[in-house]
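Naming follows writing order (A, B, C, D and E), and every chain is counted from residue 1.
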Amino acid sequence: MNELLERLQRHFDVNNINVLKPGMTTLKIGKDSAEILIRELRDREGYTHLNFITCIDYIEDGIFTLVYMLHNYDSKHTLGVHVDIDREHEEMTSIHTLWAQAWTYQRELREMYGINFPGSPRLDEDFCLEGWDQIPPMRREFDTRVFSEERFGHREGRHSEVPRVHMKMELYPKRGGDEE
Amino acid sequence: MTLSTGHSAALDFAQPEPPDLSSGKYVKLWQGPQHPGITGNMSLELVLDGDTIVSCKTHVGYLHRGFEKLMERRSFIQNFTVVCRIAVPEPTFNEYLYSHAVEEISGIEVPERAIWLRTMNLELMRLASFLMWIGGQSGAFGQYTVPNWTLAYRDYVLDLFEEMTGARIYHMYIVPGGVRAGLPDGFEERAREIMKGAEKLLDQIERVMFNNVVFKARSKGLGIITPDMVDPYGIVGPNARACGLARDIRKDEPYLAYDRLDFETISGNEADAYGRAYLRLQETRQSINLIRQCLDHAPTDGPFQADMPNVLHWKVPAGETYVKAECTRGEYGYYMVTDGSEFVRRVHVRGPSYTHAIAVMERLAVGTNIADIAGLMVSLHTYPPEIER
Amino acid sequence: MIKTLGTEDTLENAGLTDEEQQLFSNARPRAYEPYPIKAVEDFANWARANSLWILAFGTGCGAIELRPLMTARFDANRFGVAGRPTPRQSSVFIIGGYASVKTLKRIIRSYEQMQGPKFVIALGICPINGGMYFDSYNTVNRFDQYIPVDLYITGCMPRPEVLVAGIMELQNKIKAGRCDGANRYVENFDWYKANQKKVIKNWDMPDYNW
Amino acid sequence: MNLRDLLSPFFVWQRAFEKPYTSIRPTIDRPGAPAYRGFHINVSEECVGCGSCHSICQNHAIDMVPAAEFEGRTGDSGLRPRFDYGRCCWCGLCVDICTAASLRMSNEYAWISEDPDEFHFTAGVDDKPWQNNEHGYRRAEGYHLYPPKRIEMDMLSPDESVQSFEEVARGYSEAQAKLEADRCVECGICVATCPAHMDVPDYIHSIRDGDYEKGLQLMYRTNPFPATCGRICTRRCESVCPVGILGEPVAIRWLKRFIVDQVDAKDYPRILNDQIIESGHRVAIIGAGPGGLSAAYYLRKKGHAVTVFEAGETAGGMLRYGVPSYRLPDADLDKDIAYIVSLGVDIRYNTRIGKDIDFEQLLQDYAAVFLSTGLSVPSNMRIQGEDHARVLSGLQVLADVASGRDPGIGSRVAVIGGGNVAMDAARVSRRLGAEVTILYRRRIADMPADEEEIHESQEEGCNIVPQAIPVEIIAADKPQQVSIKWGEAEMVQDPTGGRPRPVLQEDRMHTDTYDCIISAIGQGSDLDFLSKENQQQLAIEWGKFTPGEYQQSALQKVFVGGDVANRTADAISAIEDGHHAARGIERLLNPDGFTATQTDNTGEPA
Amino acid sequence: MNTVDEILDYAIDQEQQAADFYEDLAGRVEKGGMKEILMEFSAEEQRHKQRLLAVKSGEHELTPEQEVLDLKISDYLIDVDATDDISYQDALIVAMKRERAAYKLYSDMAEKLPESHLRKVILGLAKEEARHKLFFESEYDERVLRDN
């Protein structure tokens, strides 16, 4: 395992290497060399299985972290490749030529986060949503509850009391708390 | 047939040119979402030349509820009730993987008894799921006897779930920290009784369904997956094992009590619909065997839940993990990222159907007869809700 | 081609292209009028109640319990219930729990294609008040806003036993002539349509399909 | 194709002779499993309406609604869960979290209706067919969603503790406090029960967040004696804490103490940031105990010039003289008092009303007077020989020790009484090296003292003799000794009701000799400083004031509070009396700007 | 005092005297709140009197056989004086001592008499006084000895 990481560090600008548990490591790489690294891992290092591609929205840092989870069946090792991309310029190299299912993930990320993967097939077709007219829903600034209430509404006639407020009103309305 | 799984340059998974519909040569046909020959609620956009498919596009999203978004605004305990809904026929794998991911990040050690109960729960689920699948596969080829048997018998397994967990479909039994209860009185005897009946039923099914000239004729040669397709297409589980790859997470990277159970990975050598179905039949039998072993070994007393913090304001430390388990369809995985708050930062659910129903299906469908498309679909064993989540 | 009625009381079908306008009717749905002789109507209702054909469209989780219902253990066939592959042959639409917006569109289309008299059973909590997905951006919360529902069965999921009970309840309602969901749909057609169009943003189908 | 494949399917006929799968009457023959998670049942009498079910429900399916017939019980919010079966997913988390174990599930599952608005019900209140169902899901033994046991406080061992007056309870470490704070379910029932209505859930929340400064701010909103109450509060909050129904209540007092211990006294002004704008009014306070100083604090915050008249040498009242330093070290009491004084409160020590200054004078000189003189006169036993020189009062012993004087108790001591003063006197005597016997007329279970105090005094070697009625004090042979004649008592149920009463058994009398007898059977008020007319006007009952709204007495300018005006006679009640009187005085002095508090900063969980 | 009526008249007179005693004391006390308490004592004695009047007119029966709980509190407490600044505790002691004395008087009287209707009435009066004593002793036990 260490040899692999050393090899990768020699050839690529990988950082933030994080051994999560035996059999699983994550590392971070720049956006531009990610595709080459992944191709290298697939063709030379035995990471032939793409578990998934996903994205984490770090809205406070202004980045999307793309996660490519690769698995090596021989060494039984999973390697997570993290790639940070700018939230404002959400674009990433497509890897649809490496795995047959990759374009599906990319299509999902396009829909759910609005990330562009130039060249990825059927990228702009609807995937899960249909007629979506809001910002991509998985982005953290999208508040699903507010949206649901506005668009779909809820049945009326519900009301709940907070025990401590209710008890105050019932038992000691003039006491407790502060006048400030 | 060689068992190379490397990426051959010849393997081309570029998108085919869309057929020219205006030529009048082709017919476009939607199979689903409202269609009896579709698994779950999804649809296939087929283009036919005569009754041969020349192009297939899978459409999903009819069951999209935005689980991953909903989980980001529910607390860690609340999420455990939500996750089981991600794969309706097989909820407990979600429960286990979600709980396991949370436990791994927060360093909770699950007691021994809970480990065995979880294993048994997952194997019962596998049995129930396979029984339903067998019925589905048989029904997709027009035989309606076997579904009546297996779905009714699956109900007996659901009765066991009801006793064990308090619910038929959404068990919500495996909770972060352990399980919610021990086994009720007399469960073991009833479970063994049902296992016995299930074995008998499987024998009958083998005669009626697998040794059936019609079934053989329709399923043999249908939807062949070659070993060199497996990795490029991300094929896992029985679909991959049927073409000879002995890959089973239960054996290769054991979780729960699987390292203490006596079983071998089953792999086949015919990667067509028949081969896959037969492999699944074998795995159903294996599952019955594993359930028996769990009944033998599961401790009957001791704690079944680890010491837990107050779940009302449970903060899980910042961390990241990917956990996976072998469900009936292959590698089911949960990728979880936490940031130290009361809510999860990101959960990604990796369902095996994601590749099977889209990339694999779209390729295998081409050249297939329209009448076999339902059989092919079922033989890949896909559950739409785990694709779109 | 169905002729254009040319009166004021026609549907706009604004979601269709000019070419498609010619392919679909623009007539409004018509309410069902009971037979003037009560005995005849009662007989018709009795017959309807005992041949409930369910549209095989598993719209959500609820579909999982329809399979046990239709197979050997619960054997709904003995109640005159059968699954049909197409809306044109079906009289009962079972909404299997939550409906995503994408599915809702297909539900509306399937429902409108069903021949009257037709009935809708909503399973589970989600059609009542959003259920587990009350805060989801992609599922509707109150199903009665979009399609008239004759019977709600709560539960998550409702068990096959209670589905049987629900079917029997529906039969009683039909026999008593109280299942007027389809007529409600006709009478409040504009209201339903407005609600539907409020959530379905890419309305590219005729306003009423039949 | 082979022949076998052609024939084999006909095997299906074998099934014709087997038992069919079909359930004949599915709706009748198939109840849910015994542990099925069906419709909810709530035992309303056991439910305390804490709302934990509401908090944990991810579907927002549970509303807490008022249920009239169960209102008014202590530790019961009067709310009951109302379920929306258009939301509920029958996960059963509400059952798992239910603090009172009143909520469970039946094994019934059928509810069919044509009206979607019908699927609501208040469990245990609305009549439902399943409410008497015996089966259904309930929480398994040994399964918890919050830790039922509290984090033990480190204590000095009894052997160590009797050696000195060092504080016995050592305080929580940060890790311990966070674990204990984690157990709170944030229902807020304690808020209603606390006499001062302290915002307990929120300051406990601040511990979880590690924001002790915010915790301190929250506490000072209702209580300017957090360091004191964090040690010696009678903690009625803990007696109603729902977590205590099935497990042990949250250690609210220790958590309060933890917050104060984390904040340095010199940071108080910065953190509390009390801005004072002088109002020009002058208010007099009689008694520098917890009630008087609490009033002084809140009045001072309103900008009034406050003068406190104290008969003793130092401030703190009963907290100083009545509570031994192993329970409340002087330094911690001083931490509270020093902050109040630092706001510009003028305390005049050694000033006795009626002697040094006239009450009438105060009424003339000040815009309002708050009177909280406490209970300072020890009660008499009224038995023969009680005026013997070796019969000491418990209060006197405690006061002597607190002031550093030797109370001269000797080496064998009998303490008479079962209240906190008796326990304190006994434990103080142990620390002074004496061998202690406690005589109490009823059973140990009847003792009004804190259970913890009783337990600790026993651990420290005090011998408690229950059901012992003192009958006579007799002079002993030696002048520095004294004998007590006491009789055993039988507990007899009073036919007219009430708790069992002790009845002296004349045939079982004992006489023992001790170096001294400490009588600690209660205290009364000393209101002699008030003129006869004042006493009439102020409406005194059973030696206590009966205050009206906002602690106002029958005299408009006079407000009363503390032990001399309430039945509970503990520090936290006195503190609230002071706070409430401050509100009343504010209303009197500034009627236009006054608004009664009607809301609290309690947000609904998101 | 040989007839039933005579003895009842005596007893009624005693209750009236007690009521007067408390009323008189109430007029003299200075301590706030004590006046009301003593007036309440006086009213209690008036109630006793009404009860005996009812016995005399035959509306009520005395119950000599009924056992009355004896808390014996007044037995060992010292005598106190009914001064102007009497405390609540002392007022109770005065009251129960008075009731105890009456109880003693009647029971001693009954002891000397042979078995007769008169004896029964006197015993009944003794029990009546014992009940009054219990009233004040319970009050003492409840309020004064609350912490004890």
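The rule we apply is simple: a residue touches a chain if its C-beta (ideal position, glycine included) is under 8 Å from a C-beta of that chain, and two chains touch if they have at least 3 such contacts.
None of these values were measured; they are calculated from a predicted model.
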item: Contact-graph separation of subunit A and subunit C, given in steps at minimum; value: 1
item: Any chain that touches subunit D and subunit B; value: A, C
item: Most distant chain from subunit D by Cα centroid; value: C
item: Nearest-to-centre chain - CA centroid comparison; value: D
item: Centroid distance [mean C-alpha coordinates] between subunit C and subunit B, Å; value: 31
item: Interchain centroid distance [CA atoms averaged], subunit C/subunit D, Å; value: 59
item: Distance from the mean Cα position of subunit B to that of subunit A, given in whole angstrom; value: 23
item: Centre-of-Cα separation between subunit E and subunit C, whole angstrom; value: 86
item: Junction residues of subunit E - those touching two or more other chains; value: none
item: Sites on subunit D at which at least two other chains make contact; value: 21-22, 32, 58, 84, 86, 89-90, 116
item: Interface hub residues of subunit A, defined as touching at least two other chains; value: 128-130, 137, 142, 144-145, 155
item: All touching chain pairs, where touch follows the definition stated at the start; value: A-B, A-C, A-D, B-C, B-D, C-D, D-E
item: Contact set on subunit D toward subunit B in their complex; value: 1, 4-6, 8-9, 11-12, 14-15, 21-22, 32-37, 52, 55-56, 58, 89-93, 96-97, 105, 137, 140, 142-147, 179, 182-186, 205, 208
item: Sites on subunit C touched by subunit A in the complex; value: 101-102, 105, 128-130, 134-142, 145, 198-203
item: Subunit C contact footprint on subunit D (complex, rising order); value: 20-23, 26-27, 30, 32, 58-60, 84-90, 109-116, 119
item: Residues of subunit B defined as touching subunit D within the complex; value: 74-75, 77-79, 81-82, 145, 148-149, 152-153, 155, 159, 162-163, 166-167, 170, 172, 178, 180-182, 184, 204, 207-209, 211-214, 216-217, 303-305, 307-313
item: Subunit C-touching residues of subunit A, taken from the complex the two chains share; value: 128-134, 137, 142, 144-145, 147-149, 151-155
